[in-house]
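The letters A, B and C name the chains in turn, as written, and every chain counts its residues from 1.
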Amino acid sequence: MKTKKVLAMLMAVTMVIGLTAGCRSSDNSTTGTQSSAESSSDGNTFKVAFLPTDMSATFASWLAAELTTVFETYDDMELTVIDSKNELETQLSSLETCVSQGYDYIILLPLEPAAEDDIVAGYIADGTPMMMINLDDFGVDEAASVIANPYDLGTVVAEYAKTLLPDDANVVVLLGPSGNTDSIERRRAYEEVLFADSGMTVLDEQLGDWEKSKGMELMENWLQVYGDSIDAVISMNDAMAIGAYEAAKEAGVGDDMLFFGVDGLADAAVSIAAGEMTATALQDAQVMAEEGARICHEVLTGENTEGFEKVQIPVTLITEENVQEFVTRYTENGMLSK
Amino acid sequence: MRAKPDMRKYSLVLILVGMMIVCTILSNNFLTVTNLTNILKQVSIVTICAFAQGMIIVCGEIDLSIGYLAGMSGSFACVMFIATGSLPLAFCFGLFLGALVGALNGLFVAYFKLPSFIVTLAMQTVCFGSICLYTGGQNIYQIGAFKNFGQANLFGVIPITIVFMVLMLIITHIVLRYTKFGRYLYAIGGNKEAANAAGIQVCKIKWAAFIVSGLFAAVAGMVMMGRLNAGIPSEGAGYETDAITATVIGGTSFSGGAGTAFGTFLGSLIIGVLNNIMNLLGVDSYMQMIIKGFIIIFAVLADVLTKNRKTTVRIMASASDEKKK
Amino acid sequence: MPDPPADGGIMEKNIKLELRGISKSFPGVKALDNVNIVLRKGTVHAIVGENGAGKSTLMKIINGLYKRDKGQVFLDGKEVHFSGPMESSEAGIAMIYQELNFFPELSIAENIFMKRQPSKAGCLNWEKMMQDAKKILEHNALNYDPAMKIKELPIGSIQMLEIVKAVAFNAQVIIMDEPTSSISEKEVRMLFDKINELRTKGISFLYISHKMDEVFQIADDITVIRDGKTIISGPAGGFDNDSIITYMVGRAINNVYPKVDVPIGDIAFDAKNLCSKDMFENVSFFVRKGEIVGMAGLIGAGRSEVCRSIFGLDSLDSGEIVLCGKQYKPKDVTHAIENKILMITEDRRKEGIIGVRSCRENITITSHHINKGVIMNLKKEKEDAIRMSEMLKVRFAGIETPIGYLSGGNQQKVLLARWLMLESDLLILDEPTKGIDVGAKLEIYNIMIDLVKKGYAILMISSELPELLGMCDRIYVMSQGRMRGCLARKDFQQERIMQIATGVAK
């Protein structure tokens, strides 16, 4: 009992000290956007935090790696990466900590942009400039924004698919987790570009939760029902598309169908190069990181007087024609082993 | 009075057969060799996890690390294969990691008396973290011949995943029914204090149980990665709960001391058939969730009702006992 | 449609509770058959019978937990139909179960006022509850803080609290099921004082017990139930020990203790100066082959602790043990079993049986130690289990019946069978007949005699002195963690043992 009490006391004391210390440092930094340039003129570098969604997710960790690389080229900026472990609650409390710790700039890869808008707007108003990267619902006017539009990602692949598929094609659709913005936007692009003004039939569409195994399982079952009448698998990400291909290959019909994904990462590049998947669209983390770092630097040094900038980076269609370029690139940056 | 046969086992078979008859009527794609093979393939990994979970639940504990452990050991085995090109070596390495994590779980649960719920929950992140640390959060592609663990066919017809599942079924059945180790698991789960007072080395057996569970999870993980033709650590997540569902539907008592390998297998098949028919019929994704949830509740309800029936038997047994005096 | 009263009008006023022609069947068995009981106001009415005779079923019918098939219950001359314990307790019938029902993590006050919490504007009125609880406690000379967690109280006090609580909420009839099975003798005396006090205040008791001496101490009337039937009912003065037992078992048990003289052999077990911190000190004793040695003492004297540490269940700090001429140092149970020391622990349900598993598995669980190899021989296992249970006359629906479904006596026989699968140099029995009915007790005694005839050395702990006196060759007496004396059979005397055990004599 006694030791417990002592421990509790100790913890309380540490927390109080931590809080007061946090307050003091936040006092220093919350003096407005303009003065944040001065706070670095004590001869220090600017402290920048990057809050990705989930470092165990392929794209987020790739983006983090690219950002780290780009930031190394700036002498006056220093990047810290704080994982949100795919939990909104964690991301919000990290955000709070970063602000109170006196970070000069925060780059947020949001989990739920709509839910985080008000908080982000509040921090910006209090003097910490922020950027939404990769995902943004444009709910905060003063936040910088660097995104590849998920709708565009869908559009690029959908347009390519349109050139390959007959007008009366039968397709099955694999969706991401329920309520996921990326999945919804990409699906909307397909609806408008591909399905709306053609005679195509969507045989079935199911949630595959971004998972390869789910894509595989659903495809196995679909092959039972529809057999080789399926002309194409339209998947909202690559993992599920590749899973579906594995199932089709095992059933011996892998070469009779087309497989479309989105994301354009290493797995898709390999798959397209091997003639399995048909096409995917890439949101290029490298370009995104470069743009993000540029805006961040301009805001901090006062070069950008407005305090924010919104850019959309172009999306790239990957097909068998240009895939080799990406295989090389992913091999070079270590995402693919030789 | 005669000893009653275990109605439980037969009731599950009846439920499964009943479901299959209904499915056959609902969809003419259901009762085909390929579709039934598909179902077996689809349940194989979760069933192997469920065998592990079943053994742990039988001895009165729980292992929540199974899914992530499968993801980790499977992915590391891929790494090992890419590095060495040797399938046996990769397989052994995966098993080694499984046993290692299982041993850690067991150490804390059995010897330090920590609750298994917490220990194995914590071990989830340890497993996931260590594989992500190694790969930098990236998945492992181009795993080459490693895919044979999940995509090869035995004699050119029987999918290897099913072979693995049946193999693990046989092993689990033998362990639980014919070995002292299995008998001790039941005893410990039934009454830990009594098992100790009967000279069973409770700590040692529990420790061993977690190691076995780790080994099973590793096998599941390697089959999983083979089937996915990639090393994807996050794919393991969630298998532990699916495994719990399968074991509980299969009649394993959450309070420990009861449960069989075949029960777990049947429980897993019931879920597999359910998932399959809903997809064959094109049932809406959200509707599927609702239906699945209720089926699980009904299965547990059936469990409780069967137990009530046993209470009646109990009254009769003790009463007829008195009569004889 | 009330029947006309069976008795004359004179007695009518004094009758608090009457059961008339109660019958109850469960699927396949008639648990109660035309039971009649008359409880007079301000008296204690003991209900005795073997386990499974139907006593508990009867109590559950009175308080409404079970529905009766036939018959009537009259409370204060009016027929009543209770739909459950809540209704019966509102009518003034309180039930105190053998396994006390309380919430260990809650305070005394909360336990007293469970389901009757005073409230203010829909919220719990803590202040009033604490005050009222304090009043109740003080009124009954219980010196406890009402905010104390109930699990910190000794079991006897918790039981007392149950009675106090019942009375505080106007119970007129208190039903007690085996109230003395888990409390110390001092607490039993306190309990009886309380019952006597309440009896004079007009409260009536239905008292279920196995223990004849207690029944004779406290009861005004006695009813004997056998096989769900009322065998005899009348004033306590009309019975004696033997007659009650005869009524209970339906046959005269002439020799309650089938003691036979067996030639005594060499010393099998010799312990010197056993010590365990805060438990016992310098305990020395020995047991010879063919001997049944008893250990007497009050609860908490350290008898079980000594035996448990020998068996490796608890730790032993120092001391020397010689087992059949060889040194033995307790390590754990497995080690003890390997050295042929076996023990049946006191708490059968907690440390004995594995309730959900079959009798077969319960019998053979330890004998796997002697079989080498990983795979078991299930056929041989089954044969062995059946052979053992036939030898010990275990009664069950089949060898695959879960042991939890058996009666206490049969469970104990299964546990004996478990150890008899192994060789033994010392067999320790801790309260081997606790909670077992008379018939089964005799069978256990017979098994013990058979064993010593085969040369077993048996060490028996019992809190029932007559049992020790009847069965043992020698009795060691312990008190407060020390060995106080040893009596040979010729010197056996109940008073003498009690004097040593309570520290009056040395």
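Annotations
Please note the rule applied: contacts are C-beta pairs under 8 Å (C-beta built on N, C-alpha and C of every residue); 3 or more make two chains touch, one makes a residue touch a chain.
Bear in mind the structure is a predicted one, so any value in this text is a computation, not a measurement.
Taken as a contact graph, the chains are arranged in an open line, each linked only to its neighbours along the path.
Closest to the middle of the protein, by Cα centroid, lies chain B. Chain B has its Cα centroid 34 Å from the Cα centroid of chain A.
Annotation: 42 Å between the Cα-based centres of chain B and chain C. Distance between chain A and chain C, defined via averaged C-alpha coordinates, is recorded as 68 Å. The touching residues of chain B, counted against chain C in their complex, run 1-4, 174, 177-181, 183-184, 186-187, 190-191, 193-201, 253, 257-258, 312-325. The touching residues of chain A, when paired with chain B in their complex, are 55-58, 60-62, 65, 175, 178, 203-204, 206-207, 211-213, 216-218, 220-222, 224-225, 239, 242-243, 246, 250-251, 266-267, 270, 334-337. Those residues of chain B that touch chain A in the complex are listed here as 27, 29-30, 32, 34-35, 38, 41-42, 45, 82, 128, 132, 136-142, 151, 224, 227-230, 232-235, 275-276, 279-280, 282, 285-286.
If you check the complex, the residues on chain C that touch chain B are 26-29, 31, 50-53, 227, 249, 311, 313, 332-334, 336-337, 343, 345, 350-357, 361, 365-366, 368-369, 371, 374-376, 378, 395-401, 404-407, 410, 418, 439.
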